[in-house]
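There are two complexes below, and they share chain A, which is joined by chain B in the first and by chain C in the second.
Here is the complex of A and B:
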């Protein structure tokens, strides 16, 4: 049995759901899966993790007193666990945090490190990666003793494969060298779920009319566990920050559900969201082009419909 | 003591760049006098520090730092027209881009469009099978051998919901005038203009060859274009074989002739104050200035006012040279300046004749939040409104 360690990314005591796709991608015959949990809540993630095939949940703690998130300490703790548990393969989500941690782990272990893979085959030691913004797809073979894989969020669809997991503790005697001091973590302007990782997105257009009106979208998003997006016209009008612009020159998203509220459906907006699995449009103009691209369309005033939707979902 | 070549490396770390640009069809790089006319006429000068003269010198000397700015050029051709040495400066930027592209140093949003061009034959990431979807409930005659004109629709008209309205107006007018024309639907691929201006020469070659093949197969003699970008590609860039007499023209030329010959008689009054925006590719690139003005003036009741920067000096919307696929932060958009110039004339409608201009100007109007004040219509939409006696 070869052992695989999966770095479990968490935030505010919740596990990032995109990790389940990573687990789905790396499990398989001949591999034993270890989940590295560093936020002290290993027990609470055990159920979800075993549902997807994790055999051992490692409650990984480091000795040094540090800030909540310190990539150096995290990486060293993971390295220590890998050495202690004889794990030579490490995988994680290629998210901002994943990209912060995984290369540090790889550097310490002198591992072959490959980021932003869309699929992996651990037995063959190969990965598939897209290059040049999707122009080419490369299959890459890795060699070495240790392997670190960063897997693109949502590239692999999570599928359950239940096993029974046990929680084991591992204490890493990590010395914080203090090369990096985290003084403060400031939340970005876009609160809530990360847009490109979100499974549901509710977006507002120029019809929102003001920054304050976006509140109805955030309220609905909270109930849905959704992220909030925006059209460029609403970004231009300063109703929403550029960081949540969806479209050709904004973010490209592909959630399971995309709800467009008061967005006309300009081609540049469609370019960023048309691969969403289900598109819902709310617009008062029955001729709005968005209706030609949606699966469900509601002709009406978003200021009436969205709050009603939120209420209905709460029930 | 450092050797001469080491000194050169220090003084001109990327000297081979100049040579590479020259080899990539940028020969004219060598002709620059460094007079700075280009910089003074470049539309970007109104918004930011953008200095084509300096970029050219940097490229010549092999200094780094021109890379990002090289994607700014919107191919409006003003610099080329005003250059005392008539240097094709946009071509120099295209050559530079082709090199940057080979290094994978292309803005990602443009790269998406270029990938879509290769895969789907259109820059809008839409399926090639869906190009003719708009004709499902709006029949358009098919081009067959012997049809007089091939109506080359343009990807943006086929896929962009906004510009589909324009192509529908075109079809209605051509039908009214009983023009003998036809459409090739899903056989059409992008003319390749953006590939070319992005320096994606290989993609351009692939697209142009596909179209040329179809033109040959169907023995096309006359091509009627709606987008000035397609017109420019066919007229000035495509490599037709010797003896292949293919005439390309723009719709406004057809309309003007039809009105002159009284085949089309716009009788419905349009009681709007309008102005006309010259698309760079129709005007400066192809010298078509009079026909759209003639059409506008033939509409009864209309009040036509000109902006300051017109005809040879028209001010670009920002959509050429790949601009339609690049983000420009609010406050730095050429389209905003153009729209504001139109507003100043008191016009309520900007008439234009290019799908990119439509997109750029409309996005600027929305971005400026002045959509109650001014709107954009194409020459075809204007003409059809009058022919059908409807409001614009």
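Here is the complex of A and C:
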């Protein structure tokens, strides 16, 4: 049996649900799954984790407190657990925190590491990821003693595979060196669902025309349980905050549904969303490039269509 | 103060990428530029130099042609460059090893700026590997940078637009993202001057790096599958169009 350690990202005592897709992607015959929980609530996540095939829930702590995210303490604690439990494969979701912690773990272990994988084959030690801003898809082979995989949120659909898990404790003799300190976490501007993990996203482009006009997107998003995104043109025009920009210099997203409203479909925008399962485009220009990249297109004025869409969804 | 900026020589993101062989791209048909995230790093380094004094050194591991990316950093205002040359495509384990070696050999080090990721292979990890090799702290996805004496205070973006305010002791690594600043455009005289600035060119093989403990090799490159022609939703008016869309999403695509 090869052991796989999965970093369980948590926030305010809740587990990131996108981790279930990661677990689904790395389980399989011949692999024993360990979940690394650092916030002290291992017991409370056990039910969900075993439902998806986790065999051991590691209640991981260090000499320094781990209730709050500290990248250096977390990385060293995970490394200690891997060495102590003889785990050579580590996986996690490629969220903002995942992108910060997984490469730290890889650097500590001198591991082969690929982030933003859309699929992984642990037995073959290969992954698939997009590169060159989504213009190509690469199959990458990893070699070495340790392996670290970051898996794109929503890339793998979570499917239950129940087992009975056991909680084990591991205390890592890790002290915070104090050379990196998180002084504070400033709350974000965007409310509701997080963009990179949202299952549905509705995005507005330059056509939105103002910050206030985004309200029609937020109203629709509320009915859909969606997150709101933006094109760079609308961010540059200050209609939307940079933090919700989708695209090559913004966020890469892969939701089940991506609704592009008044977005022309520039290659740099497509780079951030083209792996979405279903793309819907609403644009008044029938020749807009986005229409060649979407699954469903509506030619029309977004200010008329979106409110009707919100109503239709309520029904 | 000695500030290093690690920059990668990458295909322009607006360029069309053509696959060559099984796992490479046709490098002759694309324009190569400085990795856009690294430009923010250069700009921030120059701003810091203008307050604190010292020099900015551009470091790049790449093919001989990568010297043009170093020159563009010099045109922006950096003092000198170091190019670690290799004809081969190397992974982040090797790149970080080479960067660490040349930076260590320089002795004095106060700060290293990088980008949060390269836009060619999108490794998202060189900054962390370099941090480990030099044993200094790293903050990535940085959108606000401030220095206070021998410390830096940065803001790193996490989810939903939230930001971690991170304090690090210098020397440290700051990996930039978009929003940190607006990189300057060099003027013609600066571009001319840059051709005379020193660039130390070193062969990768002469650095005497240890054999890497791990590797990541691109085995195959393919184009993403073309989406089949999209379906235009039909309807007489906005209400009908919206209703038909919802119906298609529910019944045909089954995603609602």
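Please note the rule applied: the second predicted complex is superposed on the first by the 195 of 315 C-alpha atoms of A that agree within 3 Å, B and C clash if a C-alpha of one lies under 4 Å from a C-alpha of the other, contacts with A are read in each partner's own complex, and residues count from 1 in each chain.
Throughout what follows, contacts are C-beta pairs under 8 Å (C-beta built on N, C-alpha and C of every residue); 3 or more make two chains touch, one makes a residue touch a chain.
A quick note: this is a predicted structure, and the numbers were derived from the prediction, not measured.
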Partner chain in contact with A:289 - chain B first, chain C second, else both or neither: first
First (chain B), second (chain C), both or neither touched by A:206: first
Partner chain(s) touched by A:237 [first = chain B, second = chain C, both, neither]: first
First, second, both or neither for A:108, with chain B first and chain C second: second
First (chain B), second (chain C), both or neither touched by A:265: first
First, second, both or neither for A:156, with chain B first and chain C second: neither
In the superposition, chain B vs chain C on chain A residues touched: C
Contacts of A:79 with chain B and chain C, given as first, second, both or neither: neither
Which superposed partner A:62 touches (first chain B, second chain C, both, neither): neither
First (chain B), second (chain C), both or neither touched by A:183: second
Chain A positions touched by chain B in one structure and by chain C in the second: 132-135, 242, 248-250, 267-268, 271, 274, 292
Chain B-facing residues of chain A, complex: 132-135, 206, 232-233, 235-237, 242, 248-250, 252, 265-268, 271, 274, 289, 292
Residue numbers on chain B that touch chain A, as the complex places them: 104, 108-109, 111-115, 118, 124-125, 156, 159-162, 325-327, 329-330, 359, 363, 366-369
Residues of chain A that touch chain C when the two form their complex: 72, 95-97, 99-100, 103-104, 106-108, 110-116, 126, 129-146, 150, 179-191, 194-197, 241-244, 248-250, 256-257, 267-268, 271, 274-275, 277-281, 291-301, 304-305, 308-309, 311-313
Residue numbers on chain C that touch chain A, as the complex places them: 11, 13-14, 16-17, 19, 23, 25, 36, 92-93, 119-125, 127-129, 131-133, 136-141, 143, 153, 155-169, 172, 178-179, 213-224, 227, 229-233, 238-239, 241-243, 245-246, 248-249, 253, 255-256
